[in-house]
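Which chain is which? They are A, B, C, D, E, F, G and H, in the order written, and residues in each are numbered from 1.
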Amino acid sequence: MRIEVNGEPHEIEAASLAEALEKLGLADATVATALNGDFVPRGERDGTRLSEGDRIEIVAPMKGG
Amino acid sequence: MDFYGVETRSRLLLGTAQYPSPAVMADAVKESGAEIVTVSLRRESGAQRAGQDFWALIRDLGVRVLPNTAGCHTVKEAVTTAQMAREVFDTNWVKLEVIGEEDTQHPDVIGLVEAARVLTDEGFEVFPYTTEDLVAAERLLEAGCKVLMPWGSPIGSGQGINNPFGLKALRAHFPEVPLVVDAGLGVPSHAARAMEMGYDAVLLNTAVAKAADPAAMAAAFGRAIEAGRAGFEAGPMEPREMAAPSTPVMGKANLA
Amino acid sequence: MDFYGVETRSRLLLGTAQYPSPAVMADAVKESGAEIVTVSLRRESGAQRAGQDFWALIRDLGVRVLPNTAGCHTVKEAVTTAQMAREVFDTNWVKLEVIGEEDTQHPDVIGLVEAARVLTDEGFEVFPYTTEDLVAAERLLEAGCKVLMPWGSPIGSGQGINNPFGLKALRAHFPEVPLVVDAGLGVPSHAARAMEMGYDAVLLNTAVAKAADPAAMAAAFGRAIEAGRAGFEAGPMEPREMAAPSTPVMGKANLA
Amino acid sequence: MRIEVNGEPHEIEAASLAEALEKLGLADATVATALNGDFVPRGERDGTRLSEGDRIEIVAPMKGG
Amino acid sequence: MDFYGVETRSRLLLGTAQYPSPAVMADAVKESGAEIVTVSLRRESGAQRAGQDFWALIRDLGVRVLPNTAGCHTVKEAVTTAQMAREVFDTNWVKLEVIGEEDTQHPDVIGLVEAARVLTDEGFEVFPYTTEDLVAAERLLEAGCKVLMPWGSPIGSGQGINNPFGLKALRAHFPEVPLVVDAGLGVPSHAARAMEMGYDAVLLNTAVAKAADPAAMAAAFGRAIEAGRAGFEAGPMEPREMAAPSTPVMGKANLA
Amino acid sequence: MDFYGVETRSRLLLGTAQYPSPAVMADAVKESGAEIVTVSLRRESGAQRAGQDFWALIRDLGVRVLPNTAGCHTVKEAVTTAQMAREVFDTNWVKLEVIGEEDTQHPDVIGLVEAARVLTDEGFEVFPYTTEDLVAAERLLEAGCKVLMPWGSPIGSGQGINNPFGLKALRAHFPEVPLVVDAGLGVPSHAARAMEMGYDAVLLNTAVAKAADPAAMAAAFGRAIEAGRAGFEAGPMEPREMAAPSTPVMGKANLA
Amino acid sequence: MRIEVNGEPHEIEAASLAEALEKLGLADATVATALNGDFVPRGERDGTRLSEGDRIEIVAPMKGG
Amino acid sequence: MRIEVNGEPHEIEAASLAEALEKLGLADATVATALNGDFVPRGERDGTRLSEGDRIEIVAPMKGG
């Protein structure tokens, strides 16, 4: 299935957002997620189905002013 | 100092960006005495996991974090960013930025008020990055903000306080609200002056990170803020037009 | 800091006049960290012997004294006063004031240069209270002065630095000479700014003595001077017209 | 003999400046002296004769800025 | 000068309030060379008919009127006042004021944008009294305003331009939009400076009306605005840190 | 305006150096309305006779000349130059410059006073180029000067008035003496401000000569000086901290 | 009928706003009107009925800044 | 005879300053003169003898600020 992860196209097989994170090697990481522009809380990642063309954002702590 | 019920001794909030290295940043935070640092959220890749290392570094500093919504230009972006930040950083605090113009990083006060309303309703404790606009300030307080962070001058410009009249009016108008001068300060005397104007704290980043010696500059700002606050509390003299000799005139010898 | 071969850690010289009480003055000196205080000479009567008590108090502070020629309007007066001060205070140091105009306590640079020449020839170490005049400064150095003390603004006015351009030019012109901003500062940020301009020290009196809490204000100035100096040495950033976001733009999530 | 001390007229019998200081109760005090506008060092007080109408200044440490 | 397609030679808009007498006001308008004067609406009683006399006086001046919504604090008030003004003064022009804070007469930019939108839809040509806020300015233009009138400082304060940086940024950001500095100027040099900053015109009232000689001050401002504009167009020199002797050094006689 | 008994209508003295061409210079003088222009003396060769042509050009302008001693660093040089100027230009007037420091063209007030004394004794009417130093000013008047010309900022820098406090004090201290701000002004508003501070006239060169359009800039300065003077005479309002609505509050309709 | 005119209570008999203006001696005057906070254009004054407690505002040109 | 004119060495035969000016083509010009740093008024040029090594300055009107 073709989706977009942090702006990059990805070919990935993942039923849920949680699964996608795992495949991306970020299952354990301190990250937050958004699907098509909306925040998806950690607790809802399992239940969040992905479909062709979805846009996922995965963000982590970074320096800031 | 009290921000949303959190007591801090230091009146300096420090940014964590633009330092020559993470180690220098860590030194600067320590030297500054800051108990609150600002952070942001950026895309993470499983390959680099850069964010994980950064986060570990910050946690080791044992300071409180204030996540920002830097770079957000719409209410929606800012709100979603705040929601993600709350989960990642596990805090209700957010430095709310809604930028309306790129070159000056000018706050969009209209969007800011709207976003502040949404976030407060969701239980956030909002630190709005705003201008010296008195009326926007009033609206932000109505929206539930208990802190205001007007700019001194454009972020990273180092110009200091461009509109002292406006900042003084804001202070006079809201004597009870914690006010933080956020952005634009360049040298320690700028920070001391802000404190002498009765501001409660100062938020800095570039002036420290871009100094030749960031850690030393961080210490300098920390001291300047203490000095300015102490001066404010010690009750400064009234300036006057004319001179007034300090040495007593009476009793001077006549040596003609 | 080095004045005529004397090393001091503190960059603050403090005046001893105008305090609510001798005790408050003593506290202020201690809180300020000053190692040099200015004093004067006044008529003494056998009945009161006021001077004797004052002198005892100063000696107890264990600081170095810098006697002034305050109120002197002629070269002759200033020279004779300096001679008497040397005997009484047992020091070659003298803060040389030759006042040319009363309302502004404006230095008479012509008389000042002349008096400085006479006193240097007699072995004095002169600290001239002068203006930002570059040429007068040159003449004072030729006359043997190894320190210059330009005013910030009129004595006791608390206006701060009235002519930043002039003071900057003086600093740039004499990079090696110890320069002290003497007179006119009102709040700690004024002192911090003087240090950021590269000045070596600050001489204060009224701003501390006339503060609601002189001891606290003395401490505030002491800290502000350290902060300003540290900032100067830490290499401040270059101010710029435009903003430059501190938080990195790269990696920002797209939340449209 | 009539002289002026610190601007005040004084009737005093004193051959020397040192004697005058003594009579004024300032012999032991930390003071500096001037006679008719000129500094007189401590060491020269004994040898400094006074005459009718002389103006003496006697100064001591005082607060200053 | 072009305001909504109306050509004027003068770059001064003058208020009609606070003069010692109607006659002095009339003289001031004539001396100023202003082609546009601001007016307001107030309650009329059949007994006095004060408004009728005032209106006759203004008509005799042969100038164009710009009615204001002074004192309005809500969008509703401002809109209704504008509607009444259009009927009475028979013009689509309105100086739109939505005041958010009394002591500073601070514009409420949020209400201002909303009112501007409503009025533009009803065919008004809006002159918004606003702040130097870049983003609010953008919204006002989107709302259909073709002129912006940022304040220099609070109405009637005579402080001049409190935030030069902000006004410069506004000018740089909207090079094509007619910009008028409205409110706060006190002396002619303030107006000249506004023009040198590239502003298109100046709106004044108190500085003229409260001068000892209003007609003479009106003429002075008129001339200062021409001078400032001419200076702007003549292309000023670049300021520099150092001196540069104007008289040629070459060919100087050697008289040693 | 009265300089040594000579009446002039214009309050602008204009320099004749640094123009793109003699023709442009001539236009600028005409446009400025100046009745006095400054000139100098330089070496003449029989081959070029450049000075003769220049002199013919100036004579055609029908203005009064004020010869300077530009570039002189000693009393002797300045005095001899003045003597030569008197013969060549057939006037007792001299703009006396004794420069003490090159980079800032800083007046040497000590040499200046001495040279002024010598020249006055020889019957010259001296226009001393000096600083804002009050005491030097006093000495210059004692030396016989009946005009003082303090700098605004370094010659040719275009910085405007660097020490407003100092210039105000000078004006207040010598209410009767004709005072001319000489050097450093860059834009018309600088000149207007000098006049509003109560100065009697302004001497310019670089700001006009180095403008993109010197003749237009000359006219702009001429008008700004008239405006500033007129504003000064018209009695400006007192600035105040708070706003004061110009439009009457009374009689406002209630549209709630 | 009791109405409010420019903030003052008035006892007036007037069927329309136009009539009220006449009674108030402002029929011919250059004024604009509002009824209970809303603008009433000149052309609608005849057709605008008044009732007990109405608030009328009548404004005319005045000096302004 | 070798003299210096406006800083340049000149070989010139002239008994007086006036004669020198003539030889230099400036007899009629609007100029002022100095000899070895001292002003020489027009009227004294004839009577001013020149000798080997003299320094003459000849100046004319020039633009100034």
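We take it that contacts are C-beta pairs under 8 Å (C-beta built on N, C-alpha and C of every residue); 3 or more make two chains touch, one makes a residue touch a chain.
What you see is a predicted model; the values in this text were computed from it and never measured.
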**Complete:** In the contact graph of chains, the distance from chain B to chain H in steps is 2
**Fill in**
Of E-G and E-H, the pair joined by more C-beta contact pairs is E-G
**Item:** chain D and chain E, separation of their C-alpha mean positions in angstrom
**Value:** 72
**Centroid distance [mean C-alpha coordinates] between chain H and chain G, Å** = 95
**Message:** As a quick test, compute the distance in whole Å between the mean CA positions of chain D and chain F.
**Reply:** 54
**Request:** For chain A, write out the residues touching at least two other chains, lowest number first.
**Result:** 6-7, 34, 37, 57, 59, 62-65
**Item:** Multi-partner residues of chain C (at least 2 other chains)
**Value:** 15, 17-18, 40-43, 68, 70, 76, 80, 84, 103-104, 155-156, 159, 205-206, 245-248, 251, 253, 255-256
**Asked** Tell me, which parts of chain C touch chain F in their complex?
**Response** 100-101, 103-104, 106-110, 113, 131, 133-136, 138-139, 153, 159, 162-163, 165-166, 169, 173
**Residues on chain E engaged by chain H in the complex (per definition of touch)** = 245-248, 251, 253-256
**Message:** Considering only the defined contacts, which chain D positions touch chain C in the complex?
**Reply:** 6-7, 24-26, 29-34, 37-39, 41-42, 57-65
**Prompt:** Given the complex with chain B, which residues does chain D contribute to the contact?
**Reply:** 6-7, 34, 37, 55, 57, 59, 62-65
**Item:** chain F-facing residues of chain E, complex
**Value:** 15, 17-18, 40-43, 68, 70-72, 74, 76-77, 80-81, 84, 103-105, 154-160, 186-190, 192-193, 196, 205-207, 209-214, 216-217, 219-224, 226-228, 230-231, 233-253, 255-256
